[in-house]
Amino acid sequence: MRYDTPIVILNFKTYIEATGENALDLARVCEQVSDETGVNIVVAPQHMDLFRVAQNVKIPVVAQHIDPIDAGGHTGSILLECAKEAGASGTLVNHSEKRMKLADIQKVIGRVKETGLISIVCTNNVETSAAAAAMNPDFVAVEPPELIGSGIPVSKAEPEVVTETVDTVRSINPNVKVLCGAGISTGEDFKAALELGSEGVLLASGIILADNPREALLDLVSDI
Amino acid sequence: MRYDTPIVILNFKTYIEATGENALDLARVCEQVSDETGVNIVVAPQHMDLFRVAQNVKIPVVAQHIDPIDAGGHTGSILLECAKEAGASGTLVNHSEKRMKLADIQKVIGRVKETGLISIVCTNNVETSAAAAAMNPDFVAVEPPELIGSGIPVSKAEPEVVTETVDTVRSINPNVKVLCGAGISTGEDFKAALELGSEGVLLASGIILADNPREALLDLVSDI
Amino acid sequence: MRYDTPIVILNFKTYIEATGENALDLARVCEQVSDETGVNIVVAPQHMDLFRVAQNVKIPVVAQHIDPIDAGGHTGSILLECAKEAGASGTLVNHSEKRMKLADIQKVIGRVKETGLISIVCTNNVETSAAAAAMNPDFVAVEPPELIGSGIPVSKAEPEVVTETVDTVRSINPNVKVLCGAGISTGEDFKAALELGSEGVLLASGIILADNPREALLDLVSDI
Amino acid sequence: MRYDTPIVILNFKTYIEATGENALDLARVCEQVSDETGVNIVVAPQHMDLFRVAQNVKIPVVAQHIDPIDAGGHTGSILLECAKEAGASGTLVNHSEKRMKLADIQKVIGRVKETGLISIVCTNNVETSAAAAAMNPDFVAVEPPELIGSGIPVSKAEPEVVTETVDTVRSINPNVKVLCGAGISTGEDFKAALELGSEGVLLASGIILADNPREALLDLVSDI
């Protein structure tokens, strides 16, 4: 239910506006907007804020990254079991700001699935989306890197990236849902993204750096 | 005060025995032993456990790693400001399981110092300890990697690594305190480490994987 | 023609037995065995030996790795155009000892294809082979990492990895040829690999560290 | 003799203007200018051009990078022994476009010294230069990264970086010679760099991308 589509995933990145107390506030805003509008909203806070955020909201909380490790001697790494116990019900994988090796993506997808969590693999074009789909994650989120943080929505600038990703992913693995990201911030962008065949959006600065994140979120989901 | 020497820094790594609730329990044991014996004990939990641990103990809590970034678009990274707000009063830097680039180590040491936190730079031999000391951290913790997790204490296997590190670090930067690690687990090891000129120990498996971590910690600090 | 299957690709790695003059000698042995037996043999020497090897043999020479860069300011990296001019007609991509990020693998496959060279993407299991095939390289070479250098042939230890990779790759992209590697050294291993549906082998230590590499190569291809 | 100062080290990077035949031409120009003017000029071609360049010029040839490995199973890496046999008499280490981990820098410096070659460690500020000097390389080349390729010479923009690096390196290890780089292209820049206490320059685009590299090089060394 909580990951039913259409879905909005808000990546807090390491923005100071989404750090510590700010992360808590923002997560609560997401929860309220989700409650008020019925649109599923998922938050991805920083690692050190994850427990606190998960304690304070009922919407799904995902990690920004999980390392391809098993428990043991891996100082400084993110262990899936720790993320789960801290309250994560899923994780971003291979975000463009945290690109991973192919074998590591596959290992994390597999471990996440075994643990009953949700994986959202970020990709940069049709070809890498196809590759990701072949490894059977729950979601593929395609984001042309040149549009991330640009304010130019992928749905307008490169709609064919979304439609071709949807078609290719479907042909390789129909169980995988496609999200899109990069430059998404308005209700119009979100609507366009859905019309292109995606089932949701992954976004960050468009909401987090907005003058009023609550208004921005409400606008985002207003037309769905 | 809290970082006065002799000091024990316990690295929780990603051991399942030091994850989630286990991390809380272990941190509380460290706090009790510190209170009972007067020896400063510092804990380094996993990123996602850090807030929770810091909320529950009064001994210093350090991060296992901080990324060399400023706030902004850095999905999946560890931001110093987030670590501080979560309750970290310092951080390990360049642990052998999370080796960093030279320029990044220097950037993190500088940012940590500006923020009023403590940096503990891990090194693998006399030469890299000298290099680390030249960048003015608070502590250098020398650990021959082949002895980490071996149960063979560096103070016995390679005492000259400790004494030469102490001498070299002192000649380059007398403000830097030297810790040693790798294979340390008993009170005898700790005592030997101090006699070789170090001001404390960095350790992990010797305590965390002990049948009774409380007993192991008590033994460790018994002779100091 | 030169990449027609069945094919043997010999990875020189950074073995001292395949460095400098030794690389030249070994490449000449490969050329002779290829000439004598009619089996296509391809060599992958170290970067700094590649020009010299390519100047001295007529069999195909491939790079061990190409970086995902365009010409410009990338000190220390391997530029595709430089490899081509030095005599490479293809490249290994994502070898288990040089794992690459997903987006970088895709970029290199694309650039290699545009340049008219051949790409051989190394993978570690069925899932990553499927992902690689979705990005349309010329070859996928599956090698369970635990068997590399083991002397235990994948065709015996994990034949299902080869057959499932062949099936999966074919279903995703029938243009991609499957090779297998890890532990292959004898003619029996090679024959078994072909019977499992692969079209050749990628190997290293079984030949390079043999007492007599020429004999070992002759044995390898004797039954094909 | 060949590494006597004042010295010019020309980094070919992966510029197409310094790839393959172009690399040969450029190296010959460097050799001629060195012969005509008596100034030591060292070239750092791409890995796959190194053998060919070394065969064709008598000036010193250095690698752009060496990996921190011993001979063995390290596909795609640069082995010191291979570089030496290909004709390298030294290597850049830790260039800002190929940043290395602290422990790896130290390992490479040590191996290079044992092998009788020259190490030139690149650094980005006074603190990292101090750290590098503590590991006893032959040269430290300080380059503020924001000035690399900028055309604004470090000797003008941040002269104190050069003078403080010279002083700090001297105090830590008087055997280490300081070079400077970033934005250097004219004879005036080079002269200023020497007056600030450095013993030479490391440069790239200022010469390689010049309309006439021979003229640019002649200008560079004209006042020395």
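For reference, chains read A, B, C and D in written order, and residue numbers begin at 1 within each chain.
Definition applied: contacts are C-beta pairs under 8 Å (C-beta built on N, C-alpha and C of every residue); 3 or more make two chains touch, one makes a residue touch a chain.
None of the values given here were measured: they were computed from a predicted structure.
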Which is the least count of steps on a path of touching chains running from chain B to chain C?
2
Once the contact rule is applied, which chains count as partners of both chain A and chain C?
none
By CA centroid distance, what chain is farthest from chain A?
D
Roughly how far is chain A from chain D, going centre to centre by Cα mean, in whole Å?
43
Using Cα averages as centroids, what's the distance between chain B and chain D in whole Å?
36
List the centre-to-centre spacing of chain A and chain B in whole Å, with centres computed as mean CA coordinates.
34
Where chain B touches two or more other chains, by residue:
96
Taking touching chains as linked, do they make an open path (line), a single closed cycle (ring), a hub with spokes (star), an all-linked set (complete), or other?
ring
One finds touching chains in the pairs A-B, A-C, B-D, C-D
Contact residues on chain C for chain D in the complex?
11, 13-16, 19-21, 44, 46-52, 63-65, 69, 71-79, 81-83, 85-86, 88, 92, 95-98, 148-149, 204-205
Contact set on chain B toward chain D in their complex
94, 96, 99-106, 110, 123-125, 127-128, 130-136, 172
